[in-house]
């Protein structure tokens, strides 16, 4: 298991354009926070679907790193997301990821996304990461 | 059915931050092109998953508009994407959407995404849009 | 909220061919048990994927009934399932469903499936039911 | 590539309880037919969701066998299905599967399902099969 500092440093090196922050990790879940800016908003005063999908993908990636170590080349093979409720336009998004399966080559997890300060989920995603085989 | 100009004008008004371009529409399919910039790239010389998800969502939205008229408040309820092959870092993404069902309240479509100039799909998505009821 | 007896009677009337049993309901979750017979097995001593999909669909349907009342015409619009671990061939399946969203026209839930007696999930599904409009 | 006879014989040996029939294969698609009986029906004169999911899974499995050879232990890791239109209660189901990706360890395909004689899809699924590593 890695510290949030180690995970944030690694994210910054592989995704310099991302401003998503790892806030908490333990053996069961990880939590990230996505600051929301103008470019994340949709007409009607809400956060865009693609921003929620991006957060789901990052949360899943962080959970994979937390479980498997700093593997840059893990890739998403599948992501399925349900949009549940309108997020607040003026709140950060909080995403929590729990791994459902940690196989040798496939890791599957689920992500719940909230507007900060609320416990009503705005979206729920499940996704699969493929882990590259270790070369000997 | 709308012209590509009408669709591009509408997209620019509701998603001013998007630079995705509607290139083609007919009754069966629509096609959009997503220019790829630095912020869309991932280490390893490829396009990030979230950029492909964003393109899938926009393509589906354009297909809904093309079929149903310029409804700003249509919202994605579900999107499921499979990542198939690595996109080229130096090519635009092309996404083609075909509607599978056009119900009164739910529209379901599938999207195939390609690197421009290639006919090998890099991702395939299916998604559902919910159409707000018409007020009388 | 309905009793397990009311739900089992209703299931028997609309799905006479099913032998799935509602075992528990409260406001947050419902639980069903699927007896496993010869026709549910796959070579290699495990339960077939279609049996797990069927259980996921029934669990979601029971959760919809529990939340919305005995609506026979609610229909699945989408179901996505991840297979996580091999179920035991000689154990019943237990499925627990929690609703993620209870809208007026769409209900979304998640289902975790276990081999009876184990707390390691064998599959995880999310699905959407469409609720027919109430005629006045 | 295998003949439909070889595929049907193999299906009968690994799924003796299935009565799904492989009708056509070529390098691009495979087609199966699922006879519909009493136990597949739902109130309202239609085919049940679980029967459609089962057909989607079998079609995908047949496409994997057709592409990779008679591998009994290939397993579904993920299946996502959208239900589009009500199938006829008195028609067989026809499912066509096209592979989207044929990787070394993961095969991804899409399946369109029809009531026999109609070209309006009743369901559309995508799924992933995991291919066990070859032992040397």
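Lettered A, B, C and D in written order, each chain numbered from 1.
Here is the rule we go by: a residue touches a chain if its C-beta (ideal position, glycine included) is under 8 Å from a C-beta of that chain, and two chains touch if they have at least 3 such contacts.
Source: prediction; values computed, not measured.
Contacts with chain A and chain B are shared by C, D.
Counting C-beta pairs in contact across B-D and across B-C gives the higher total for B-D. Taking each chain's centre as the mean of its C-alpha atoms, the one that lies farthest from the centre of chain A is D. Distance from the chain C centre to the chain D centre is 22 Å, each centre being the mean of its Cα atoms.
In this assembly, the C-alpha centroid of chain B lies 33 Å from the C-alpha centroid of chain C.
Inter-chain spacing, taken between the CA centroids of chain B and chain D, is 28 Å.
Residue positions of chain A with contacts to 2 or more other chains are 77-78, 80, 82, 108, 128.
Put simply, chain D touches chain B in their complex at residues 80, 82, 84-85, 100-101, 108, 110, 121, 124, 126, 128. Residues of chain D that touch chain C in their complex: 14-15, 17, 38-39, 42-44, 48-50, 53-54, 57, 72-73, 75-83. Considering their complex, residues 77-78, 80, 105-106, 108, 128, 130 of chain A touch chain D.
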